[in-house]
């Protein structure tokens, strides 16, 4: 599964993109976040700001109940601040 | 008294500006219009469209009760259509 | 008022010159349309009342400056003969806040259309001419702001 | 998205090219401010999510086109490093009606600020850097339009 990180999530995780193996039992975005949080101290630090983490699945805004599959592109980022 | 006409009032009166002698008894804009209407068929035609005639006294929007004096600049024109 | 073509980039540069504390610039540009009442327009001529026009535009701009937190605003109106597609009017507002900038733009153009002494005459392709009638919808648009200023 | 400086006149020419039925063009330009929280900004860097950004901007533009009678709209957003005073974002709307043009401008910029995946990082004059926090006021501004589209 392709995971992307932007802005301070990218800085805390230490990279902008990674490919992970989707574990059995991870079927939605909320479960994926729990899995990623455990990968490294950087991941834990990024996802510790839970309230400020937004996500997109296949480039569409998503929430913890959004289903995820191995072929998806999942992105994590702070609330947007463009314009 | 300096009188100015704009747009179709100018065309109907036949000139854009005229100097008139302010008759005794003409003290406000409404009385001035009655006086001007009698000056020529062109004037009568211009002021016949009473509802569509707007005026300014010394470059400030005015109504029939606005006082006028010989030293004033009085202008007549249709509702504005700029922008 | 000017007879020259309106240069939007130059006007914006003038409004923002030397200022880097501006958050947003709102603008409205009015353009000469090519048809009126279904007839094709050859050209449009703008007449105005010199002297009163300057005062009216200054009063309208003052009203906006008092009502919103603006760092500046610009009102440019062409006079003389214009072709379809040309800019008639430009309104620019600079503000730290985008809503202030856009609302002030609407205010400025609404009042300009109802309080600034300009008159439009359309010349049609068959050579006939007609003064443009004022629209009640313009009065209603201005009335939503209450009094000017 | 583009790293180049925004050329307002060129964008307006592109929007109106070959059309003489447009009555008004509304626009909003966002500019990099020189201070944040009282500190002077040396530069601003815009990061975005390639692919999703294009989709989000197209969705926002579609929403405006469905909601108002628009003849077209333009959304340009810069990415990369910008200096104070430079344009970050340009929104243009063309319509026969001025209120439609200005309201659609407000709609586009409100949704762009809350739904388009851009992130700002400020670099201060002392060399320190900070990601800009999202503002609740931006969410409230977008919420007044109901749903996007």
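We call the chains A, B, C and D, going by the order they appear; numbering starts again at 1 in every chain.
Here is the rule we go by: a residue touches a chain if its C-beta (ideal position, glycine included) is under 8 Å from a C-beta of that chain, and two chains touch if they have at least 3 such contacts.
Values in this document were obtained by computation on a predicted structure and should not be read as measured data.
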item	value
Graph separation of subunit A and subunit C (steps between touching chains)	2
Where subunit C and subunit D are represented by their mean Cα positions, the distance between them in whole Å	23
Where subunit A and subunit D are represented by their mean Cα positions, the distance between them in whole Å	26
Inter-chain centre distance, subunit A versus subunit B - centres from mean C-alpha coordinates, in Å	74
Multi-partner residues of subunit D (at least 2 other chains)	30, 109
Which chain pairs touch, all of them	A-D, B-C, C-D
Complex interface listing, subunit D residues touching subunit A	30, 46-49, 51-52, 55, 77, 88-89, 109, 112-121, 131-134, 138
Residue ranges of subunit D in contact with subunit C within the complex	7-9, 12, 16, 19-35, 84-85, 96, 98-99, 101-102, 105-106, 109, 141
Residues on subunit A engaged by subunit D in the complex (per definition of touch)	4, 6-8, 56, 59-61, 75, 77-83
